[in-house]
Amino acid sequence: MIEVVDVSKVYGPTPEEQVVALQGVSLSIKQGEFVSLIGASGCGKTTLLKILDGLIRPSQGRVEIDGNLVTGPGPDRAVVFQDFALMPWANVIENVAFGLSVRGVPKRERMDISAEHIAQVGLVGFETKNPGQLSGGMQQRVGLARALAVKPQILLMDEPFGSLDAQTRHLMQEDLLGMLEEENLTVVFVTHDMDEAVYLSDRVAIMSPRPGRVVEVLDVDLPESGSAEGRRSPEFLELTNYIWEKLRDAVRQQEEMSA
Amino acid sequence: MPRKSVLSRPLPTADRAAGVGDGNRHRLRWSLGTRTFLLRAIVPVAVLASWQLYSVVLSPSLFTPPPIEVFTALLRLPFEPGFLEAAGGTLLALAYGFGLAVLLGIPAGLIAGRVRLLGAIAGGYVALLLTIPMASLVPVIIVLFGIGLEARVAVVFAFALPLLVGDVMAGASSVPRGLLEMGRSFGCGRWQLGRRVIFPAALPEIFAGLRLSAARAVIGMVVAELIVISSGLGGMVTVFLARYQMDKAYAITFVFLIISGLLVGFVQYLESRFLKWRSSEEGAVHAAM
Amino acid sequence: MRHHLREIFTRYSMIVGLIPLVILFELVGRSGYTIAIPRLAEVVDGLETAAQRTDLVALIGTSLQSLFIGYILGVVVGTIVGAAIGLNRTAEEIFGVYVNMLIGAPIAAFVPLIIALFGLGQASIIITVFAFTGIVVTVNSMTGVRSVDSSLLEMAKSLGASRRATLSRIVLPSALPFWLAGLKMGMNRAFAGLVLGEILVAIVGIGGLIIFAGSSFRMGELWALIGIVVLMSLMFASVIGGLQRRFTSWSISTERS
């Protein structure tokens, strides 16, 4: 469904000051798949996600969705942001309805649809609250509801649980899987947490920095039920350890570089 | 009573931990409220009392009328011949000047805040206009516009505009990038982004600018009244001073202060109505603590 | 090399920014669109005439004298009062509200009263400058002292620092950027007060000359005098800006991070 073809992204005005965020990345994502992009900071995973959404244009290469070239954001994709990106001046239901309102959906309809999705993410009763009155986890649920409300085919999630504490994060991961069972979404999920990647995904694309590229793509062949015990199974640990081995050197290098 | 100072502030964490559910502390907090109010109220009373003392007992002089006389003069002002007309003219200049500054300044600031080149240039000139003494340009404005309403409107405008543009620019250029990306990802075009994301996000800063600019506008109005030989309140001050009717002259000064307070207060009221979400945010933060 | 140039540019950007305005001025002047804007040659002539007719240097000197006396008085009194209010919690509770109200208030409204009380002379000007400066410096000193990072105070207290040491080593340096900003704003307000005062008094200093030139439509002279005032205010602002940069580079860098 999604074809990433030899995508490169370079920043910088002159050759000396250039940063190669992505180099020659190619990836195929099937419909309905849950694919994680994991890597140390600077590996270009967020850049790749933004290119998928059309927010950034690649310097080279292209992205095709069902054969159509991606040139900008579109109704088939929706993003969930790491810092929630909620409008503090609007309440929950207005935030959820945002994407619909931009598209000109009439008020009645968009309120109804929003209410549905607010229920879906478990925030009934909070419709008139402002983001400032919500906890981090609740705010991200609003972000999720907003993305789901526009009925996308592809959900792009940029470290959505990164700003949450560990417990909330686990809860959100479980709830996310639950919600996705009902939909038939293709999900591209950026994370730096190996547990999260293995827990949620069908496939994990391991990326490494300087230049940003996909090093390997793993198949995650674990039972989908995703229970608490599942996280401790030997197969699960084998996978997460494997990923960690691949990442470790890059993470260490990153530490040394920023020192 | 031990003297309280910045240095003897209790350590915040211990304070918070001990505070919840402590009935005594609650009572203390309530009485702190009225106590503060009373102490604050003493200040104007003390000022007025010492003024009264000075002008009646210590140094009675034609030029320092006691507050009681000023107050009665103030109350009688509306009946002073020509006052209502003069006040009307002055307020009209303020309304036109400030209104014009708002109508031009907010869009200009929004655009300058988003278009980097314009912003750089505009920023420089805003800083320039805010540094130089605006009063020095008033004689030029008089030559350009004469000594009627237009001149005073121009002065108010000149005083109010730079600050407003500067603040609106700052607000528009500091919209969080994440919100802008979010807007674009959901399909906002340029205009939609401006209307749905940039403008509301910049609104707190815009209101701050409006408040300060309103104060500047009134200052401009006063300066205009004093320098431009006018038929407004400034003219009345001159007349009263010439006739040695000091109580009335002082009263007009207070009218200026009242106008300032009313206009700024009005902007603050608008601010609280349109930015309700801010207070709910702060309320939640306190509750969470 | 490029960075160095850019730094110089930003520092003197206000003065540099005048250049296009001056060019624009000359173009309008040449077109004769309005008598309010003459050609630059006339401005230069005006400067000469003013210098010949009056003792221009002495007048500028008087103005600057009023400015400095009023400014320094304002800074001294403002700093003391502001710091005193800021350091004492009760005082801040009581007076803080009023001090904040005073900033926005049109102090200009009091100038005619000041003139009535102190006469048509330099004394009124100095008092006006003092009033304009003092309020701003008071507020900034108050805010500066109040906004000392409480975690720093905690740290000092836990280390057992004496009151005096805390004041001099933590409060003072923390408040310094605010105070310097107050100095800058104070200078700005001082000029505003100077010009307004002198215009209203009309026989003193450069403001008096301005009103004289304006009322007799001697535009060349008028703009020359305005030019002098503008340049002086920009120069003094730059000087204080330089002081600010030198003494608070640490706070700027913490802001950025």
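Labels for the chains are A, B and C, by order of writing; each one numbers its residues from 1.
The criterion applied here is as follows: a residue touches a chain if its C-beta (ideal position, glycine included) is under 8 Å from a C-beta of that chain, and two chains touch if they have at least 3 such contacts.
As the structure is a prediction and not an experimental result, all values here were calculated from the model.
Trainee: State the smallest step count from subunit A to subunit C, taking one step as a move to a touching chain.
Mentor: 2
Trainee: Going by the touch criterion at the top, tell me which pair is linked by more C-beta contacts: B-C or A-B.
Mentor: Output for the comparison: B-C.
Trainee: Which chain lies the greatest distance away from subunit A when centres are computed from Cα atoms alone?
Mentor: In terms of C-alpha centroids, the chain at the greatest distance from subunit A is C.
Trainee: Any idea which chain sits dead centre by C-alpha averages?
Mentor: B
Trainee: Averaging over Cα atoms per chain, report the distance between subunit A and subunit C in Å.
Mentor: Centres of subunit A and subunit C (C-alpha means) sit 52 Å apart.
Trainee: Taking each chain's centre as its mean C-alpha position, how far apart are subunit B and subunit C in Å?
Mentor: 19
Trainee: Determine the centre-to-centre distance between subunit A and subunit B, using the mean Cα coordinates as centres, and give it in whole Å.
Mentor: The mean C-alpha positions of subunit A and subunit B differ by 46 Å.
Trainee: Using the touch definition from the top, which residues of subunit C touch two or more other chains?
Mentor: Within subunit C, no residue touches at least two other chains.
Trainee: Sort out for me which residues of subunit A touch subunit B in the complex.
Mentor: Residue positions touching the partner: 50, 53, 55, 73-75, 77-79, 81, 83, 85, 87-90, 98-99, 101-103, 130, 132-133, 146, 150.
Trainee: For the complex, which residues does subunit B have touching subunit A?
Mentor: Its residues touching subunit A are 176, 178-179, 181-188, 192, 196-197, 200-201, 203, 275, 277, 280-285.
Trainee: In their shared complex, at which residues does subunit C touch subunit B?
Mentor: Subunit C residues touching subunit B: 13-14, 17-18, 34-36, 86-90, 93-95, 97-98, 103-106, 108-113, 116-117, 145-146, 148, 150, 153-154, 157, 163, 166-167, 171, 188, 191-192, 194-196, 199-200, 207, 210-211, 213-215, 217, 219, 222-223, 226, 229-230, 233-234, 237.
Trainee: Which residues, counting only subunit B, touch subunit C once they are in their complex?
Mentor: Residues of subunit B touching subunit C: 3-7, 9, 11-12, 36, 39-40, 42-43, 63-64, 124-125, 127-128, 130-140, 142-144, 211-212, 215, 218-219, 221-223, 226-227, 237-238, 241, 246, 249-250, 253, 256-257, 260, 264.
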